[in-house]
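Each structure below is given as C-alpha cells.
Heads up, the next two complexes both have subunit A, just with different partners, subunit B and then subunit C.
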Partner chain A sequence: MESIPRKVFLGFNYTFFILISLLCLFPLIHVLAVSFSSSDAVTAGLVKFWPVEFTTRSYEYMLNKPEFFQSMVITVQRVILGTVFGLLLCLTIAYPLSKEVKAFRLRTYYAWFFVFTILFNGGLIPGYMVVRNLGLLDSIWALILPSAVNVFNILLMLNFFRALPKELEESAFIDGAGHWTALWRIYLPLSLPSFATITLFTIVYHWNSWFDGLIFMNKPENYPLSTYLQNIIMSGNLINITSSQSLEQLKDISDRTAKAAQIFIGTLPILIVYPFLQRFFIHGIVLGSVKE
Partner chain B sequence: MKHRKTAGILSFVLCLAMILTACSGKNDNGSNSSNAPSTEPNETNAATTEKAAPAVDPFGKYDPPITITAAKIVGANVKFKEGEDLQNNVWSKLYADTLGVTVDYAWTTPDLPSYEQKMNLTIASGELPDVFTVTANMLNQLVEAGLVEDLTAAIDQYAAPITKEILKAAGKQPLQSATFDGKVYGFPATGSAADIAPVLYVRTDWLKKLNLPEPKTMADLLAISDAFTNQDPDGNGKKDTYGLALTKDSVHDTNVAGLQGFMNGYHAYLDIWINDASGKLVFGGIQPEVKQALAQLQQMYKTGQIDKEFGTKDAGKVGEDLNRIGMQFGRMWNPGWPLQGQVTSNPGMEWTPYPIPSIDDKPALAATFFPVNSYLVVRKGFEHPELAVKMMNLYYEKNFGPTADPATYNKTPEGVETLQYAIMMAEPPTKNYDAHIKVVDALKSGDTSKLNAEELGYVNEIKQFNEGDINKWAANKIFGPGGSQSVLGQYITGKLTQPDEFYGAPTPTMAQRKSSLDTLMEETFAKIIMGGASIDEFDKYVENWKKLGGDAITQEVNDWYSSK
Partner chain C sequence: MNRTKLKLEMPLHLLLLPGLLFVIVFNYIPMLGIVMAFQKFIPARGFFDSDWAGLDNFRYVFSMPNIGQVIWNTVFIATMKIIAGLIVPISIALLLNELIHEKFKRWVQTLIYLPHFLSWVILGGILLDLLSPNDGIVNQFIKGIGMEPIYFLGDNKWFPITIILSDQWKEMGFSTIVYLAALTSINPSLYEAAKLDGANRIRQTWHITMPGIRPIIILMLTLSLGQALNAGFDQIFNLYSPSVYESGDILDTLVYRLGLVDAQYAVATAVGLFKSIVSFCLISVSYWMAYRFANYRIF
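Showing the complex of A and B:
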C-alpha cells in the first residue's frame, strides 16, 4: 500500500500532467473543429472545440487543390531522402569521433571542426550563393544537402556511443570484426533509443522547415508542404491587404476553415509517426551484456 | 600507425582546402556580381536613348519577339483557370501578341516579407530580373546602388493617353515619389488614398433599440458608447457589451478596430506627417491633440466601454468579438470581413458606416496614407526600359481605357481575377468610388448597360441581397446606397481627408529608428489607455520620441519637403 503523502503527490502529479497534455491537445482539437465548421460561424467566433454547422466543404475544397498534394509529395520525398542522408552521415561521423585520441589521432581537430560550425555559420546570403552556384536552386537537393550534417545530432549520438561498454567492441574485434561491422552490428543495435530520437528529430525537422523552401525554390510549385502552408496562412494576414484588393480576396481571409483543414492534414502524418518511434525510446537496454 | 596518421592529416588538409576553395569561390562571384551591373550600363544606356527616338508606339511590338525575366508577388489566393498558370494565361498571351514579349518569371513569392528577402538574395547574387516590382524602400536602395534603369524618357515618350490620364488624376506625388535627382526610376502603381481612410461602423440595430441618434459629433459617439456599454443593447440582462472596439495593434493597424479614426475626430493624426502653422512638416503622433484623445480613451477603458482584454487580441479575434461591441473604426472593405460573418450568424444585426465625427465645429479629416506601395522597375542595362511603360499602358488600356475588356483582363464572369496575372496591378485613384456611383445609378434606373463586369457583379449581388440573401450583405454595405464607399464619397467631395505629406522613401534615420519609435508609441499609448500610466506620461513620450531619433527624422523629412 502506498502512503497518503505519496497518494496526494501522485494525485497532483497526474492532474498536473493531464492539464499540460490538454493544453497541448486543445489547439489541435480547435483546429479540427474549425475545419469542420461553416466559415461564417468561425468568423463570428462561435467555434470552440466542437464543429458548428458541420460541413466537410473545406476538405472537398482541398481535394480540388492540386498544389496541396504536389507540395505534400515534395515533402514526403524530402523527409525520406533527408532522413536517410542525415542519419547515414550522422552515424559515420559520430562513430570515429567517439573513439579515443589513441585510436584516432586527429579526433580533437575534427571534433572542433564540427563544433565550429555550430558556433559560426556563413549566413543567409553566402548560404544562398553556395546553393545557387552549385546549381541546386529549384531542386530537392537544396532542401537536403545544406542541412544534412546536424552537429547537434552527432554530439548526441557520439555521447551515446561513448557510454556503451568498451568491452563489447573489444570482444567484437577479438572475434575479427572491423570498424564497419562494429558500427553496424554492435553500436547501432545498442543505440536504438538515441537513434530513434535522432530519426524523429530529423523527420520533424524536414517536415516542419519552411524557410529554406522559400529561399531555395524559385517556383511555388516546388515548395514543400510547410512552405506552402506558411504561405496560405500568411496571405490571409491583414497586413497584406491593400486598397487595390477586392472582395474576392476578402472571402479568402475569412476562409479559416480551409486553412484549418490543410493545417490538420499537414500535421496528421507526423502525429502518426510519433507513437511508432516512441516505442524505441523505451527499448535498447544494455543491461546484462557485460559482467565485471 | 604512422601510415594512419599521415592519412588523417591528409584528409584534414583536404577538408580545409575544400573550405578555402569554397570561400574563395564565393568571393569571386561576389566581386563579379557587383562589377557586372556597374560596367555595362553606360553603353547600353546610350544605345537605348538613340534607339528610342525613331519609333514611338506606346503599344509597339518587338520584332523579333523578346523574352524577359521578371519577378513579382503572387499571393496564395491567386486562382487560375483550368490548364493555365502564371506563364500561360490571358495576360501572358496579351504580352506576347501585342508587345511580342514572353515574360518568364525567374521567381515569385507569395507575400511581401518573403519577396523582400528573396530580392535581397537576388541583388546579392547579381542576377536581377529584367522587369520587376519593388516597394518604396527597395526602390530607394536599388537606386542608391545604381541597379535600376532611368525611366524618365521612357515614361515621357511611351505613356499611352490612358496612362497619362490616370497618372494625371493621381496627382504629381506618385511619380515624384519615384524621382531621385530629377530622374524617375520606377513606374508607380497608382491607387486610391480614400480607400485607406478610416470609416466609423456602428451597430444601428442597437441604436434603434436604445432610441439613440446617429453619431454626428464626437459627443454623440461618446454617448452611444456609454449607452452600448450600460443599457444592455443585446437584451440578455448581462453587462457583457462594449462601446468601442480596439485591438492590440490598433495604434498602427487601421484595418479593423484601429485608433486612427478616433484620433482623427480629435484632429489628431497618428503615423502621418502633417503641415504645422509655420508650413513645416511635423509628425502627427506627437501632437497635443493626441493627448486629449488618449485621455478620453483612458476614461472609456476605466468605465468598461472598451474590452479589458483588448491588449491581447488581434484583429481576427476582435472580429469574432464584434457581436458584443457596438462601434469600430475600420476600412471601407470591413463589411466583407469581418462584419459579413457576424451578420450572417446573428440575425437582426446591422452595421452602418458613418464618416468620422468631430469633437468641435471643425469637420474631422480622415487620415490617409500615401496610396502607392509598389513600383515597376527595370534592371540597369536592360535594352528595353520602355517595356515597363508599355506593359503598364496595356494594363491601364485593357482595364480602364477605350478598348477595355475587363471581363477578360480584370475579372471573369466566373469570378477569376485575371488582373492578378499582370506584371503589376494598379488602379485609377477613384476606381471604387466611381463604381459605387455607377452601381447606385444602375440600381435606380435599372440600366446596367454602362457597367463593366466588376460593377455588374456588385449590382447583381446587391439585387440578391434585396431579395433576402443575407450572404450578399457586404456588397450592399460597400457599394450600395449608403455603403462605405458613399462615406468615402463624402470625404472626397468635401475634401475631408488629411493625406500623409511625406511620401518619399524612408529617410536614413527612419530606416534605423522608425520601428523602435513605433514600438515606443504603441507601448505608451496602450499603457495610458489601460490606466497603467497617467496621461502625463504622454509628455514624457513626446520627449523620448524626439530624443530617440524623432528630431533627426523630422529634420530629414523637412529637408526632403523643401527640396521637392
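Showing the complex of A and C:
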C-alpha cells in the first residue's frame, strides 16, 4: 500500500518529467511547424506546434539552392573520411597503450605523451597557423586531420581493451598470431559496443562541427553544411529577391520559415541515427568509464 | 633477452607511429607556436624572422579596457555552469530513479538526452527563433500574460542567465548518465534493511542513496574544476551580439575576434596562452585531486 504523501510525490514526479520531456521536444516541434507554415501565418504569430497554412515552399526554396547541396556533399565527405581516419587512429593508439608495462615498457611514457594534449594546448591561433602553413586552407583535409586523434575516445577504447581477459590474447600468441591479428581478430570483435559508441560519436562530431569550416575555409563554397547553416542563421538576410526565384514563389516564405526549414534539415540526420546512438552509448560509456 | 623483447615490442611501436605523427604535428607544434606571444609577429616573416617583443603583447592585453570584464564574464559563466551542471543532473537522476514505469522512464531518457547531440548552430538557431523579442513564441506568451517582452539575448541583465539555462537545457539529460549508473550499482539489500529499521523514503535517500553516489559526485566536482575557464565558445559565439559583449564576451570569443577577425595574431596568441596556462594548472590540480580523493586514474 502506498501512503498518501508518497502518492502526491509520485504524481508530482510524473508531471515534472512530462514537463521536462516536453521542454526538450517542443522547441524542435515549433521550428518544424514554422518551417511548414506560410510566412503570413508565422508573422501573425499563429504558429505554435502545428503548421498553419501548410506549405512546403521553404523546403523547395532551400533544396533548389546549389550552395546547400554543395555544402551537403562536403559534409558527407568529411563524415566518411573523418570517421575512417578517426577510428583507425583510435584503434592503433588504444591497442598498444592497453598493454601492461611488462609487455610494452614505454607504454606509460607514450600514454602521457597523448594525455598531455588534453592538459595543455597551444590555443586557437598557433593551431590555425599550422594548418595554414601546411597549405591545408580550403582543403577538406583541414576538417579531418587536425581533429583525427581524439584522446577521450582513445581512453574509452583503451579502458575497454584492458578489461578483456588476457588469456584470449595469450592463446592467440601461442597459436602464432601477431599483434596486428590480435587487434583485428580478437580485440575489435570483442569490443563492438565501445567501438559502436565511438563510431557514432565521431559521426555526430563531424556532422555538427562548424567552427573549423569557418576558420579554415576562405571560400564559402568550401563550407561544410554546419558552417553554411551557421553563416545564414546568424547573418539575417537569407532571401534575396535578385536570385533566380520568382516573386510568386517567394510570397509564401520569409527569413524565418526558410531558416526553420534549414535548421530542421540540419537536424534530420542526427534524429535518424539517434535511436542507434542511444542503444549503444549508455552501455559503451559506462563500460569504458568503470575501472578497477 | 633484450633483443627478443625489442622484437616483440616493435609492432606496438609501429602501430603508434601514425598517431604520434598526428599529435606532434597538430598538438605539439602549435605548442611551440606560442613563441608568437613574445614576438612582434608578422605572418610574412614567420616565427623565425619576426622581432622579439618580450612581454609587450601581454602588457598590451592587460591594458585593454575590457580585459577585466572579459575575464570576469568567463569565470562567472563557467562557474555558474559548473554549479548548475552538478545540482540539476543529480536532482534529475534522483527523481528519475523514483519513476516506477520502466517504459515511461526510457521515453523520458530518450527525450532529455536528445539536445546533447545537436550542435549549438542548430540550438542557437532555435533559441534565436524562440526568444526573439518581437515574434518569438516565448515573448508572445510573456506579452499574452500582460508583461513587457524580454530581450533575452540582447539585454546584458538577461544574457548570462539565458546562457546558463540554455546550457542546462542541452546537457542536463546527458549528464545524468554517470549518476544513474552509480544509482543502479547501490546494493538493494541496503534499502531492505533500512525499511526493516523503519526508515521512510526520504531517510533512505539521505542515508543510503546519497552516500552511494557520493564518490561519483566528488569525482565530477573535482574534474569540473578544470573547466573553470571554459565558458562555452560554441554556445556564446552563436548567441551573442555586440550589444551583449559587456556581459557575454569571454576569453575564447575575444581570441577569435582579435586573432582571426582583426589579424592581431601575436596579441590573440598571448590571450590564448594566458588561458592555456591557467587551464593547465586547474586541470592538473583537478586530476590530482580526483586521483587523491576519488581514486580516479586517467588511464
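The rule is simple: the second predicted complex is superposed on the first by the 234 of 292 C-alpha atoms of A that agree within 3 Å, B and C clash if a C-alpha of one lies under 4 Å from a C-alpha of the other, contacts with A are read in each partner's own complex, and residues count from 1 in each chain.
The rule is short, and it goes like this: contacts are C-beta pairs under 8 Å (C-beta built on N, C-alpha and C of every residue); 3 or more make two chains touch, one makes a residue touch a chain.
A quick note: this is a predicted structure, and the numbers were derived from the prediction, not measured.
Look at A:110: by the touch rule set out above, it reaches both subunit B and subunit C.
When both complexes are overlaid on chain A, the residue A:84 reaches neither subunit B nor subunit C. When the shared chain is aligned, no partner comes close enough to touch A:163: not subunit B, not subunit C.
In the overlay built on the shared chain, the residue A:218 is in contact with subunit B alone; subunit C does not reach it. Once chain A of one complex is fitted onto chain A of the other, the partner contacts of A:29 are absent, as it touches neither subunit B nor subunit C. Set against each other, subunit B and subunit C differ in how many residues of subunit A they touch, and the higher count belongs to C.
In the superposed model, A:95 makes contact with subunit C only, not with subunit B. By the touch criterion defined above, A:63 lies against neither subunit B nor subunit C after alignment on the C-alpha atoms of chain A. Shared-chain residue A:277: touches subunit C; no touch with subunit B.
In the superposition on chain A, A:40 makes contact with subunit B only, while subunit C stays out of contact range. Applying the stated touch rule to the two superposed structures, the overlap between the subunit B and subunit C interfaces on subunit A comprises residues 42-43, 45, 104-106, 110, 113, 124-126, 128-130, 215, 234, 256. In the complex of the two chains, the subunit A residues touching subunit B come out as 39-46, 104-106, 109-110, 113, 124-126, 128-130, 132-133, 214-215, 218-220, 228, 231-232, 234-254, 256. Those residues of subunit C lying in contact with subunit A across their complex are 5, 8-9, 11-13, 15-16, 18-20, 22-23, 25-34, 36, 92, 95-96, 98-100, 104, 107-108, 110-115, 117-119, 121-122, 124-130, 135, 137, 140, 169, 173, 177-178, 181, 201, 233-234, 237-238, 252, 255-256, 259-260, 265, 268-269, 272-273, 275-276, 279-280, 283-284, 287, 297-299. For subunit B in complex with subunit A, the residues that touch the partner chain are 4-5, 8-9, 12, 15, 22, 25-26, 29-30, 74-77, 105-114, 117-118, 120-121, 124-125, 189, 191-193, 195-196, 253, 255-256, 315-317, 319-321, 323, 331, 333, 336-338, 340-342, 344-346, 371, 373, 411, 415, 417, 425-427, 432, 454, 474-475, 478. Those residues of subunit A that touch subunit C in the complex are listed here as 6, 9-10, 13-14, 16-17, 20-21, 23-25, 27-28, 30-31, 34, 42-43, 45, 48, 88-89, 92-93, 95-97, 99, 103-106, 110-111, 113-115, 117-130, 134, 145-146, 148-149, 155, 158-159, 178-180, 183, 204, 207-211, 215, 226, 229-230, 233-234, 256, 259-260, 262-263, 266-267, 270, 274, 277-278, 282, 285-286, 289-291.
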